[in-house]
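Below you'll find the structure, written out as structure tokens, and then a few comments.
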Amino acid sequence: MPQDLQPAAGESDAFAGLTAMIFNCSLKPERGASHTESLLRAAAGIMEKNGVTVDHAQMAALNIPPGVYPDMRDHGRDSDGWPALWERVSRADILLVGTPIWLGEESSVCRVLIERLYGMSGELNDRGQSIFYGKTGGAVITGNEDGIKHCAMTILYALQHLGCTIPPQADCGWIGEAGPGPSYGDPTGAGRAGFDNDFTQRNTTIMTWNLMHMARMLRDAGGLPPQGNDRRAWQAGCRFDYENPDYRA
Amino acid sequence: MPQDLQPAAGESDAFAGLTAMIFNCSLKPERGASHTESLLRAAAGIMEKNGVTVDHAQMAALNIPPGVYPDMRDHGRDSDGWPALWERVSRADILLVGTPIWLGEESSVCRVLIERLYGMSGELNDRGQSIFYGKTGGAVITGNEDGIKHCAMTILYALQHLGCTIPPQADCGWIGEAGPGPSYGDPTGAGRAGFDNDFTQRNTTIMTWNLMHMARMLRDAGGLPPQGNDRRAWQAGCRFDYENPDYRA
Amino acid sequence: MPQDLQPAAGESDAFAGLTAMIFNCSLKPERGASHTESLLRAAAGIMEKNGVTVDHAQMAALNIPPGVYPDMRDHGRDSDGWPALWERVSRADILLVGTPIWLGEESSVCRVLIERLYGMSGELNDRGQSIFYGKTGGAVITGNEDGIKHCAMTILYALQHLGCTIPPQADCGWIGEAGPGPSYGDPTGAGRAGFDNDFTQRNTTIMTWNLMHMARMLRDAGGLPPQGNDRRAWQAGCRFDYENPDYRA
Amino acid sequence: MPQDLQPAAGESDAFAGLTAMIFNCSLKPERGASHTESLLRAAAGIMEKNGVTVDHAQMAALNIPPGVYPDMRDHGRDSDGWPALWERVSRADILLVGTPIWLGEESSVCRVLIERLYGMSGELNDRGQSIFYGKTGGAVITGNEDGIKHCAMTILYALQHLGCTIPPQADCGWIGEAGPGPSYGDPTGAGRAGFDNDFTQRNTTIMTWNLMHMARMLRDAGGLPPQGNDRRAWQAGCRFDYENPDYRA
């Protein structure tokens, strides 16, 4: 690598104090067994080298039932791992959702995650904004044949809908040629499937840095200003310059 | 409206100097005839009241053929309205894409827009970033029965993929109850379809303000820092701390 | 109802012997509490009046974990309700999948169903076809704001991918106007939300009859002929007239 | 190829008299230049060997504007190639839609096709069914990186919505590994990209035969029986056993 092209780190503590929550929505409860985790670890590696604190949640291991309420024990479940996880989520500046692809879609475990995040969408911060304001979101997708964009579309849409900011080029992934074949990180003759894919490497790098840049920008700005997005004020009658259009001529 | 709840404008010129490009992807070439335009005008109204310069593009009237090249005259077309529109697009801080819904999807005119934007994705700014970096993107969807989220998903995904930032809650829209019926702004007995919908009004307001807040934040920061997303540096061999993961145990 | 327009039933036992499996993918384990069930019951009612045997599966009550294997007890789970359900599924001529909409998508419970169905896709019938050949599939979607087509797209795609036939107009649903509001069947001033919606009633009727017509047609034909879709023959080297194209001129 | 495994053709004229309309929604107006056409030709080859008459429409060459009306000359256009194409479409038993992938989606040309097909959805046959009843639909997708299922989902959903039957496994396609690279049929060192992909070959074969089997089945049955799907009868008040559900307990 041409050393002189490496941007000077300069502000070595630029990202210190930021926290990233990495959700692995693999169907597998064991961490080591997940292909998606491999690519998530590449992103986590960049973050950790730059001072971001990284927290991992292996969703399938956390006993989190489906539902759209903050605590499903209030809705008939004996136990619910979500409230404990939410403690960790609420502290994070970056939410990075990783999922495998099954029949072209994100995993059911990923949909449980989105339902449970959605279940918190009634919560407001002290500015009257969705509790997710100030957080930055991204998506990591792996499969063996098809569907990175379709899954990323779903995940990024959900995250922005909840109140996260999506920085530029906030998704990455790996799939092989059409049809069954090795998954990301599987041993192949010469190495590991996908490890030498420049596109995957580059997009993972860009996504990770943009998540960090945006998280820092939002932290430094103290989040988004509340004008226009303060739901308590809206509820109380503020309209923030909204007017119905004149009818089309 | 309770006057005392209206946030003090304070910095009256907070958004001065920002420019928004509003794309109406109606199938109709005439501006006044489009239902989507009505809702776009509600968003534009907020922007204009706050000093943002708003430019409208009625896509179906601009003679823009399908294609994924910057100028389709180089690929067999006699004429191409895109290069002239791109001049305007490239100056904008905010890209707001409006589309009607046909059979659950954005219009073909909207897909032409996305193809033509995609045709510019090889362009880099002087930091080696996609030319769309620094821009902020949102989506406005109208129909009479179903599909706001599906269309918004597609549009917002495309915009972030190209390099725009998507602020929180960056889409809005209106549809009626399942089945055919009036479109947004159509006269109904008492008024105009959708005009009294609090959800549509609120989401339009939040989207618009968040586009302005984020556009301003990016302008004030001079865009995103190039570390990690400088494609020229990547091409030259910089890896920005990327390393392949150790293989999963 | 104009009595003379009612098609003569004539062959009163036209659909006798057919079986429909109705999957309710509500997040709720209790049957009566589900809005989606209400609309599924409207479809079931037509089937039962015409001699089809209807079996209901309330997915959230059946202890079916995520996974893509026929029996998750072989993959670390203590119990798995899927093998027992599969017995019932495998006998059905019609698969009708009902789901609520959460954040614009089918429920996580619905994705578990699709994963588990997908887990059976290696099974072949005695003609070498996917085990789903001969089955007919449809989708029923309810929500309060948006997403019928998006969810139906996902479900119908999955069903045809597995080997079901999708007859014309094989989905139906109900949503209200954009924004929160009553769900299908909720009491409103005058009646029940959605109950007087002609579009929902008509599409539910058309879907249900087309599922029955196609199921009968496939049963009477003994399924699809195996020429071209016999995977064992393909595996053994049969190419069924497939040839790579000459390269484009 | 093991000759004895080849199913006896037997009824050599099983598919004689059937017609397939193949739509190539490439952005390119010239036929030979399209990668998608290569794979469409593989499907067409099987059909022609079995007596199906195949008609090709290179959509980008046919001067077909966007719109949702049967003839856009009635809506301000100087010319419209659709009415002439519709003549050909209306005679076809099989509709096979091919599209390239751009930014994860079907082409804008494909969306124009769907809009124009949708523009015919008010037409009924002499049984009161949608004019598309009796037709069978499939999808062929090519790209270089991602999106077969996403595009197929959209196309197959639209076709069934309009009234086509979707037989089992009615889509096929080819994409390469994640990232830019050769498109289907591009020369590579050893041959042509995708030509040796067993998955693509097999799925193309299965799709093509299932389209033929289903088209024949529908032709032999004289289409679907009208009971329950006769929109004129519905309009006149027939309810075909539909009743609103009892409210959930």
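Chains here go by letter, A, B, C and D, matching the order in which they are written, and residues are numbered from 1 within each.
In this text, a contact is a pair of C-beta atoms (placed from the backbone, for glycine too) under 8 Å apart; a residue touches a chain by one contact, two chains touch by 3 or more.
From a predicted model like this one, the values you see are computed outputs, not experimental measurements.
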Name the chain pair with more contacting C-beta pairs, choosing from C-D and B-C. C-D
Which chain maximises the distance between its CA centroid and that of chain C? B
Same or different residue numbers at the chain A/chain D copy interface, by half rule: same
Centroid of chain A to centroid of chain C, CA atoms only: how many Å? 31
When centres are defined as mean Cα positions, the distance from chain B to chain C in whole Å is 36
Rounded to the nearest Å, the gap separating the Cα centres of chain C and chain D is 22
Please list all residues of chain A that touch 2 or more other chains. 103-104, 149, 153-154, 157, 161
Within their complex, state which residues of chain C touch chain D. 1-2, 5-7, 32-35, 37-39, 41-42, 45-46, 49-50, 129-130, 132-133, 149, 152-154, 156-157, 160-171, 185, 187, 192, 195, 201-202, 204-206, 208-210, 212-214, 217, 221, 224-231, 233-234, 236-249
Quick one: in the complex, what on chain A touches chain C? 27, 29, 60, 66-68, 76, 102-109, 111-112, 114-115, 118, 154, 157-158, 161
Chain D to chain A touching residues, read off their complex: 103-104, 145-150, 153, 173-180, 194, 197-200
